[in-house]
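There are two complexes below, and they share chain A, which is joined by chain B in the first and by chain C in the second.
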Partner chain A sequence: MGKFLVRRLLNYVVLIFLATSFAYLLAAANLYPRGYFEQMQPPPTDEVINTQLDTLNLNDQTPLAQRYVTWLSGVAQGDFGQTIQGGDVTPQIWLKAGVTLRLITVATLLGSALGIAIGAYAAVRQYRMFDKAATVASFFVLAIPTVVIALSVQVFATGINEALGFQFFLFSGEYSAGFQGNGWELLLNRIHHAILPTFVLAVALFAAFARYQRNMMLDVLGADFVRTAMAKGLTRRKALFKHALRTALIPTITYFTFTFGVMVSGATFTEKIFGWHGMGAWLIDAIFQQDVHIVAAASCFMAVTIMLASFLSDILYAWLDPRVRV
Partner chain B sequence: MSTIETSTEPAKAPTVPPAPNRIKGIASQLLGTPRVIIGLGLLALLTLLAFVGPLVSGWEVGERDYAALFASPSADHWMGTNKTGQDVWTQSTAGLQKSLLIGLLVALLSTGIAALVGAFAGYFGGITDRALMWIADLALVLPSFVILAILAEQFGGEGGWIVLVLLLAMFSWMVTSKMIRGMTISLREREYIHAARFMGVPSHKIILRHILPNMSSLLIADATIAVSTAIIGETSLSYFGFGVQPPDISLGVVIADGSKYANSDWWIFAFPTVLLVILVLAVNMIGDGLRDALDPQSKSRRS
Partner chain C sequence: MSAQTIENTEATSERPGDETPVLEVRDLTVTFRGFNGNPDVNAVRGVSYSVRRGEVLGIVGESGSGKSVSSMAAMGLLPDHAVITGSVKLHGEEILGLDDREMATRRGKVISMVFQDPLSGLTPVYTVGDQLAEAVLVHNPKATKEEARERAVRLLDLVGIPNPEGRYRSFPHEFSGGMRQRVMIAMAMANDPDVIICDEPTTALDVTIQAQILDLLRTAREETGAAIVMITHDLGVVAGFVDRMLVMYAGRPVEMGTVDEIYYGSRMPYTMGLLGAVPRMDLERQGALVPIKGTPPSLTALPPGCPFAPRCPIAEPECSLAEPDLLPVGGQPSKAQIRAAQEAGTSGGAVAADTGVQRVACLRSGEIAENAWTAQDIYPIPEIPEVPAAKVRREDRAEMLRVESLIKHHPLTKGAVFKRRVGTVYAVDGIDFDIREGETLALVGESGCGKSTTLMEIMGLEKPQGGSVSVMGRETSKMSGSDRFALRRDMQIVFQDPMSSLDPRMPVFDIIAEPLRTHRYPEADTTARVYELLELVGLNVEHATRYPSEFSGGQRQRIGIARALALEPKLLVLDEPVSALDVSIQAGVVNLLEELQARLGLSYLFVAHDLSVVRHIADRVAVMYLGRIVEIGDTDSVYTRPAHPYTQALLSAIPIPDPEKERARTHIVLDGDLPSPANPPSGCRFRTRCQKFVTLSAPEQERCTSVEPALEATNGGDQATACHFAERQSVL
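Presenting the complex of A and B:
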């Protein structure tokens, strides 16, 4: 088992390295950082631009391979280079990751808990009213892209704000700019800002989890061991909770782990629409600003989270489901 | 995963109908599933709308009516006009046409790749299996969003959306291919596969003629879900300008345009959005119904 895990991890490191390199090469070959300096007012001379680009290791007159090697030797020492404005990329990664994690932790927990509860109950009441309503609701939500959910929520929130005459819902930024106040007030302000984006993410996740958990539960409900549990005299409630739900949760937990990793990049659209400066929004802005190093760093971070998530979900599965271990 | 599949296998074997009745059986099962019927009906309606809609509106795609900017729905402009006076009905239905095409093509391509990769990996095993699955892992880790976003601008102009289709397909086959690999491994040891092998049928023929047709139901259901995934993906990309590039137009582009005016001039946003939601809903209903009807062993696990 240990040797297997080490080999697996090594493989992941290679994959992450390839993915990041690919992102860097693609960005360096296709983005045009020179344009960022050329459109400055007043326009700097070519020499100034070239020295600027040289210090940033972004000069398109240097061969791509050479730039790549310079960048790579920096990354090997934990330095992802500089942004186009000249700041260091590495400390920013943690800052942006923090914003994204704050947003998705609550949303994934909320969405999955709701989805699991509704899905499991719907399976128990298969083909009854509740099941049908839950199915229709999740089908409907699954048919709407997150972008559209986010936009519609914004439209509704604006409408309510206008009707009430004051800012009941806030939907831009992580906290009010220049907000003064002690710890509690700041926390409240942040929570106030987080309500809508969290809601959007949670709704999208709820639908997926409800469908998933319902199907898992249905598979288990027909299984022999649940019948045995009821036959040996357990109450229906006990049989369902202790035997059926527990077993049906195993695949869902691994699914949850995986979802959490994917959400780091999956929350991109929500972040961008609600003006949260997280990982995904950072990446999109970087592409618009022709910032090669940020694109590479953000891609690396997302690759790491996806690999980590799939690794963890595999381990969890093996740990929770004894059948896999044999 | 593999343990679960092998344990359910003996129960499944007798239910596989003999080849000649297969298509008939599928058809009759489908017609008995209301979800699929409703979905197909909606899809047919939308397809009709997509190809007839732009022709009957009286306005050309992209044509500007300078006398009516931000006009609300009227007899002249059935769904109003946007900021440059383009007819929302015409733009949306024309966009629907492209979204449909993108969804279908991406689904076809990605399911095709997934089927081939998964079946070859599962059938041959060993080094082939490892190499192919490693490629699948690599494709999973590659920052598909970055690649799409950066390359999107390079492929503007007429026919640029074909490149978008190829890119979307390139990054959506991995999960399905792993599933197909698992099923191939369990099919590989069946008697009829052994029989074919001993009769000297070449491997690629066994895969194409015996293994893949046996998973056709799964493949069809999965391709259907892939259609809606592709449409949603294209919409999200287009919202940031990374999707279909002008002069081509898709539902995502129309929605992105309208989203800026969702508060003041709701019709620009509402009509294309409603079209999109109905489209995805219809496709999902077909896919889910298909999976339930054809493949009771895996009741829409992934949705």
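Presenting the complex of A and C:
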């Protein structure tokens, strides 16, 4: 098993390297950092621009391969280059990653747990009211892009705030600007700000998980081993929980890997709309500013998170299913 | 509910006396409500029985007779949409209608159950030991994990799992089917229940494993003193295991009595037909089997009156007026009374309790008893003509198929990118046999012995890995593609599962016409040929436009046979053709196969695990074990005087549907499971389980472990055995 995981991990490292390299090459070949300097007021001379671009390793007159090698040797030492304004990218990654991961992790846990619970229960109550309601709700959510959900939630929150006459929902920024207070108050303030964006992300995930878990659960509901568990003296509820759900969770765990990619891109919109300075918002801003290194760094981060999610689901799978442990 | 039962309920105390049955079921009905306008399914319609401590009650019936549903209802295991009425009493206490929590405290503690399919019966993600310990813990919340663990290990030991301490941590997928069924039985025994319901506990298992499990159930009964309700369709298992039995048909008990009463004096045409339909391994010349025409009625639309009347050979008009009650022999109302009751619009509907005397639900039971009719008297038995070729000596008949030292090995590989060979599965490891014209050779053995692989190798008509296959004197490896195509006309196959081997989207006509069209049979004659084939296998011309889903299992198998016969083959390969069918249907198909052989002069290669069917249909039999033939010979010699210890064990393990004979027999019960074909034992492959090996002296044993025995003639005739110490002896 250990050998298997190490092999997997090596595969992932190769994949991350490839994904990041492609992102860099794509960005370096298509973005136009020279334009960023040319449109400055007053416009700097070509020589100044060239020197600027040379120091940043962004000069389109240098061959792409050479720029790539320079960039790669920096990355090998943990240096993702500089932003177009001249700041270091690497320390910023940690900052932005923290924001995004906080959002994604909470939303993933919340969304998948809710989805699994609702999906599993809907299966138990197949064709009853709860099942029908859950089915309608999840298809409704699945049919709407995250952007639309985020915007609708914002509109809805504004309406409520206006009706209540005070800011019940906060939907701008990660915490109130210029907020003063001790650790606990700051934490509360942050949580208050996090409610809506987390909800938006979680709701999309919930829908996918609810559908998937419902199908998986239906497969095992009539299984002989559930009947055996009941014949042993377990109540139906306990047999379903301990034997059916436990077995039906296994395929859902692999599904988790695929949804994580959706989460990361979904977070991009959500961050942008709710004014969070996370990885996604950073990436979009960077594209507008023709900032090659940030695009590469953000892509690298996304590749790493998705691969980590895969690795995690490999481990979870082995832990949940004794049949794959050889 | 009668006044008497109410008294019983009140008189019952916590510790009932010997008189109170452990489990008493009265007038139980189960209806599955149809959703979305579908009709209701009346799965069980008035079942009553009672079992006392230490008693074994058999419930016999074909699929759909409601035998499993009635016991699931008693256990409270049916889904919510099942409507259950009647009464189920456990130690005199009514348990029907208790909520799930109340039922759960009794399930596994007072009443427990062993299910049919051990492969899917255990949760795949928990260890076997933990699942067993759970059964202990759930009823003794005070017990510690450690105590439950110890008890689980003791139980594993009790049911004969070797190295129970170590196997405690095994997962179900690491156990064979037989071992999983042992675990299921251990689970059922865990809390010393008073009743164990066994729902077809051995149906999914091989015969030698079945013998082990039946032995184990006897041990379980002695160990716990529990009453056992044995649900099965196998009349052989019932004969030797059960005290009293209940025969069910279309959701209703139709006959009840002791095993001897029913086996030697059944008064119900259905039971009589069922007993006559079973091929007998112990009878030399049984003649044609008793076929019961038609199929069981649909549970959503039952015929009026007796549900068996449409299939009954001695039905009278009164039979379809009212459904007869289960009454003592001759105790039925007269025909005049029935007609009067029918006109008056009243029905009997008296619920008779389980009184212990033989009772029959047939209007003519008295008549049957008076005339002492048997199945042969009331059922029309088809005349099966003699095979014309049988008059010629075997050696002088044409050879249809010859297989010489056929080998099929599967490589075991490891690794995703760079595959490397880590072992070999010796699926078929050098077998020889031949089939002459008009002859049936049966290939028998337990699952995993290589019989199906042999078939596929022969049907493939390719060059085998080793050895040779010759069809009608022509070696397949030397044939060209067009020769092979032409040869397929002469050999056809009938598959095991009639449900999945016919294309559900093709009408019957196209299914049967397909081989004709493929082989360019004149289009003008195709229709006539298809109709001819349909009639040949006992179907009607109007069936041609229907789809397979509209037919029952037996009819589908007839369609499969018609398709195989379309090109007038000379050799028919039959891969377990009747194993998926109910006994009464199976008899019809077996008779058909025998009749076709005689009329068309066919040769059969018959693969089966059911040795009783083989005895009935085969002229010669080859017994396979781990990819080798261990004994081959004419059926009579092999069955009456088997020489190989494995053949002896196999024949001995099969229960005979004759209670007196069965009680007098001692079964040879083999140890353990079939070894892995990837790692067969050295020397004689059977020695690890051989009952004879242990009785041999050390030098003799040495010979078994080092030298692989070859097939050698044992009686100077046709019979040959691969055993160093072959000794012909009767085991029936």
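Everything below uses one rule, namely that the second predicted complex is superposed on the first by the 305 of 326 C-alpha atoms of A that agree within 3 Å, B and C clash if a C-alpha of one lies under 4 Å from a C-alpha of the other, contacts with A are read in each partner's own complex, and residues count from 1 in each chain.
Here is the rule we go by: a residue touches a chain if its C-beta (ideal position, glycine included) is under 8 Å from a C-beta of that chain, and two chains touch if they have at least 3 such contacts.
Note that this is a predicted model, so its numbers are computed, not measured.
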item: Chain touching more of chain A, residue-wise (chain B, chain C); value: B
item: Touching partner for A:154 - first (chain B), second (chain C), both, neither; value: first
item: Which superposed partner A:236 touches (first chain B, second chain C, both, neither); value: second
item: First (chain B), second (chain C), both or neither touched by A:170; value: neither
item: Which superposed partner A:117 touches (first chain B, second chain C, both, neither); value: neither
item: Partner chain(s) touched by A:250 [first = chain B, second = chain C, both, neither]; value: second
item: Common interface positions of chain A, toward chain B and toward chain C; value: 323
item: Residues of chain B that touch chain A when the two form their complex; value: 3-4, 134, 137-138, 140-143, 145-147, 149-151, 154, 228, 232, 235-236, 239-240, 255, 259, 262-263, 266, 269, 273, 276-278, 280-281, 284-285, 288, 299-303
item: Interface residues, chain A side, partner chain C - complex; value: 127, 223-225, 227-238, 243, 246-247, 250, 320-323
item: Complex interface listing, chain A residues touching chain B; value: 11, 15-16, 18-19, 22-23, 26-27, 30-31, 139-140, 142-148, 151-152, 154-155, 158-159, 208, 211-212, 215-216, 218-219, 265, 268-269, 272, 283-284, 287, 295, 298-299, 302-303, 306-307, 310, 323-324, 326
item: Touch list for chain C against partner chain A, complex; value: 35, 75, 77, 100-101, 104-109, 112-113, 115, 117, 120-127, 134-135, 138-139, 171, 173, 184, 187-188, 190-191
